[in-house]
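Two complexes come next, and they have one chain in common, subunit A, joined by subunit B in the first and subunit C in the second.
Entry: the complex of A and B
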């Protein structure tokens, strides 16, 4: 009951702060720019609050358990993205006055077709990013309570859409900044407690991981998704309905079942997954799909995450709440520091989880490792308390990110694709939430980290070249930008569809299909430059680009609107 | 209302074809100077971050025995991956922020 209470408290607190934020602000007719006086520190807390999603709070530690220490490259890329943002995008983007990439595309290149195309890209990125958030909410709720997966997903969808429809995003800054502090606290304190409480033996095992071949104690494994296990030696497992023998061969285990493996039994293999071994797990490189190219795999993930961050629509929107370009740049710089503090800790959870709960990988539930750990270390009330606190943090992570994502997706539909007002925006929010729930229900077996990385890959192959060339290259034309964005969108979504539904691939081909950034990003850049060079930029093109670099102290309002109001 | 917000509003609905308003010649000169100066400062910072992101994995690939070296019981390669990049990136962010702001103070 504790974790559910914690989640309820969190939702209530979020709503209260949200309502307070609405009351504290003047009754501005448009809330999109209402909070443009946000200071860099508060705004970077809000940016980090929105950015630290369920994938960061739970997913990275889960990937460490499953894939090894190399998974810690994900947070490095997530943070490096803000360096790229600081160097290339933050200040000029704010100075364009554009709220989202579709807005920026129209402001810089005056092409309504490009605007609509960008809105579609926003929807693709938003779906890839929001589905894993909902999925993790469902998994976590079913891990800490008796409810099945779909209940958690439905509750998540309901909470997010109700919060958004009632509170709107006027108070988003306060809510997200509050949630960042909460997440930081709820992540660091339990980590320190776990390390101290775990004892010298577990700490020694954590830095000397061995292959997971035999159960070291009687181990219950709850399956939330259907899994096929490959058993090598006959083993007698306990189930709630009595004991059963698993003979050598393949066994399909349906979702909802719990099997208790006896101490000393040999660990079965999971069909489609690599077993958890010792030596390879310790390597600090990402051997995706076991392609045998760990260096290329690591570089691909870094490329996708670092460049993708620049193009994430819900993050770009947050930068607009800074008062000017200078403050936006400072926000990006402070965000690097705040994220750096948070990302020191997923490795701690991952290393401890690998020793204490390696069986999570059997049920495809490594994403829940963070909330599963306290109960392993302490069975008394401190363990329950920390489980409740971590569940609360995970929900804060999920909530802050989903709010931003749902808003930006609804905005793309109701603002960029259709003419709409506030009423239509509210209806769209509910529809988008329903759509995301429907997509999340069958997505149980896909890793949060993998889906989110695909979202980053699409952003890196579409909006990243659009923003970088739009800001720094005066010769960019609308036709070039259109071609580049279409190229990036088609190649990355083609690769994703092939990876999800195509035949299993291995080796270099498999790697380049599951992690297409190393070829799609250069391709999109090349397409954009080549088509732009063939055409001729509009006569005002250079002025449009230069305006983005002019500091506010000197920027005069356009002549037609120079009259004082 | 800030000039940017006014721009955003001018471009808002009802949507027609929108054009970036022309730049005043004096502003255009300053913008051109700023653009060149910021570009000159962006390139070295980009080189540094790319060197970190491509270089550190390459170091791990070239010297696998970093996994066996231990500091306080923890493999050195784990420490280099989990703790080293963040302070390095924070310093880089600070350095680049200062340089970018100094350009605009002139």
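Entry: the complex of A and C
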């Protein structure tokens, strides 16, 4: 009950802040609010608050348990993205005044067709990013309560919709900055407590991992998704309905069942998923799908995440709050530091999880490793308390990111895709939330980190070339941009569809399908440049470029001498 | 000698005499409409070549060119000899009359009665057709000029609609300041500075747009001065979320609304009144509310005021409404929520980004 109470508390708090709206940031003085501009530190806290999703809070540690220490390249890429953003995009994007990539497309290239295409891309990225958030929220809720997964997802959807309709659409900077501090606190304090509480033996094992071959104690494993286990030796498992023997061979375990494996039993294999041995787990590279190309796999993830960050629409929107280009650049710089602090800790959870709850990979539930840990270390009230705190943090992460994503998706529909005047944003938002819930229901078996990385890949192959070339290359034409974005969108979504529904591929092909960034990003850039070179840029493109790169102070009149006291 | 062709010849140009005007009336109509669209930027614009291609197909000529006053040509089809055409255009532009004979004729083009360029047609086309074609191009040019001047007129109207400082307010503010010079010289100096600041902003004539941040700054100075005039009767609350501070808006859209709220919510009654101004983001929009707790009014009257049929002293609201609609489109006008005895709330909703709206 504790974790659910914590979630209820968090939702209530968010709702209250949302309802009170700007009143939450009222100061003692009624005047001069406008001249008090947002500092880069506050804005970067808001950016980080929006950015640190459930995939960061839970997913990275889960991937560490599953794929080994190499999974820590994900947070490296997530953070490095802000360096690319800082150098290439932040300031010119702010100077353009554009709120989202579709706005930028219209401002720079004046093409309504490109604007609509970009809105479609926003929807694709948003869906790939929002579905894993809902999935993780559902998993966590069902892990800490007795309810099944779909109830968790529905509850998450309902909570988000209600929050959005009751004031969540303000996208308030102060709320997001507060959410970041909350997440940071709720992530770091339990981590420190876990390390201290775990004891010297576990700490030693955590840095010297061994292969997970036998259960070291009686272990209950509850399955949230259908899994096929391959058993090598006969093993007698306990189920709520009584004991049963698993004979050698393949066994299909239905979702919702719980099996208790006895101490000393050999760990069954999950079909299509080899458990990592100690050396593999420690390797500092990502060998995805056992393709045998760990270096390429690592580069694929790094390229996608580092270049995709600049194309995340809900993050770009936050930079609009900066008063000018210089402040936007500073915001990006501070964000690197804030995220760097946060991402020191997923590795801690991952290493501890590998020792304490390795069985999670059997049930495809490695994403819940963070919330599963406290109960392993302490069975008393401190364990429950920290489980509650971590659940609260995970839900905060889910809430903050989903609000931003749903808002930006419904904005793309209501603002860019539907014709007509003032559209009903509130209705669109609820419809988009419902659609995301429907997509999240069958998405249990795909890891949050993987789906989110696909979202980054689409962004890196579409918006990254559009923004980088649009900002730095005056010869870009609307036709070139259209071709490049279409190329990137079709290739990446084709690869994702193939990876999700196609036949299992292995080796280099398999890697290039699951991590398409190494070929789709250069392809999109090439298409954009090649088609642009065939056409002529618009006569005003130089002026548009100047607008992006000249300091605002040169364009505006000198500031007044008598600023308010 | 044959000049190097600008683009590969049209495929029908291989059998020049086989080209005939299309008998399809609708096709001719759509081609004619297309020409008007293509010539939107004039003869030197980017659509001139496209227009020439359409005209060539319409006339069934072997080659057709549109020349502007500088003599630069946009050819469609097979270009005629360079020197020949140059001499012909020179003749036409100097004599301001048709020149040449089939298969190479040139007609002058007049827009608003002034020479604007020339139409050159190569091939077996009857001179009467060429004259008609030239007249059509001239009409298209006329229309594009009219459109440009209509746009300029709308811009000028927009500038003219910009709010003016009310003389009533200037007089009151200066009177209050002068009354304070003796008793509270420091406060008087501060108010004087505020007054200078406010007039500087209101009278500034650079660009058409500013930021929400600047607008709020302006209404804050305005409210400080009004508070000096009205004293304790005016209570004020200004709240703005940082997300909308950078949004670009037309100059002085908020000040008339605040002035209106003070006039109807505070000055019109004996007791104290509260004026609240708030700005916040709602998705991709920025929503600014100006609210007073005064007497309110009949919604029908508010409607009349917005339509510009109100009393002469409340022209400010209608003015702001028209400017907003002009800049952001018909949907983005003012929304007035009011009822007798319930105060008045005026809501401004603008997109957080609109192409072309830049501070």
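The rule is simple: the second predicted complex is superposed on the first by the 533 of 565 C-alpha atoms of A that agree within 3 Å, B and C clash if a C-alpha of one lies under 4 Å from a C-alpha of the other, contacts with A are read in each partner's own complex, and residues count from 1 in each chain.
Convention: a residue touches a chain if its C-beta (ideal position, glycine included) is under 8 Å from a C-beta of that chain, and two chains touch if they have at least 3 such contacts.
Quick caveat, the model's predicted, so the values are computed rather than measured.
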For this session: Kindly classify A:295 by the partners it touches after superposition: subunit B alone (first), subunit C alone (second), both, or neither?
Result: first
Problem set entry | Partner chain(s) touched by A:98 [first = subunit B, second = subunit C, both, neither] | both
Exercise. On subunit A, which partner touches more residues: subunit B or subunit C?
Worked result: B
Exercise. Touching A:547 in the superposition: subunit B (first), subunit C (second), both, neither?
Worked result: both
Exercise. Should A:425 be classified as contacting the first partner (subunit B), the second (subunit C), both, or neither?
Worked result: second
Exercise. Touch check for A:45: first (subunit B), second (subunit C), both, or neither?
Worked result: neither
Problem set entry | Partner chain(s) touched by A:407 [first = subunit B, second = subunit C, both, neither] | second
Exercise. Which holds for A:539: it touches subunit B only (first), subunit C only (second), both, or neither?
Worked result: second
Problem set entry | Contacts of A:194 with subunit B and subunit C, given as first, second, both or neither | neither
Exercise. Looking at the overlay, what does A:207 touch: subunit B (first), subunit C (second), both, or neither?
Worked result: first
Exercise. What residues on subunit A does subunit C touch that subunit B touches too?
Worked result: 30, 32-33, 94, 97-99, 103, 106-107, 110, 323-324, 547, 556-557, 560
Exercise. In the complex formed with subunit B, which residues of subunit A make contact?
Worked result: 30, 32-33, 36, 69-70, 72-73, 76-77, 79-80, 82-84, 86-88, 91, 94-99, 103, 106-108, 110, 112, 203-204, 207, 282-285, 294-295, 298-299, 302, 306, 323-324, 326, 329-330, 332-333, 336-337, 339-341, 343-344, 347, 351, 419, 472, 540, 543-547, 549-561
Problem set entry | subunit B - residues contacting subunit A, complex | 2-11, 13-15, 17-24, 27-28, 30-32, 34-35, 38-39, 42, 45-46, 49, 52-54, 57-58, 60-61, 64, 67, 70, 73-75, 77-78, 80-83, 85-87, 89-90, 92-94, 96-97, 100-101, 104
Problem set entry | Sites on subunit A touched by subunit C in the complex | 21-23, 25-26, 30-35, 37-38, 43, 94, 97-100, 103, 106-107, 110, 169-174, 320-324, 407, 410-411, 414-415, 420-422, 425, 429, 539, 547, 556-557, 560, 562, 564-565
Seminar exercise, completed: In the complex, subunit C touches subunit A at residues 46, 190, 193-194, 196-197, 200-201, 204, 206, 212-213, 216-217, 220-221, 223-224, 236-243, 245-246, 248, 278, 280-285, 329-332, 349, 351-353, 355, 357-359
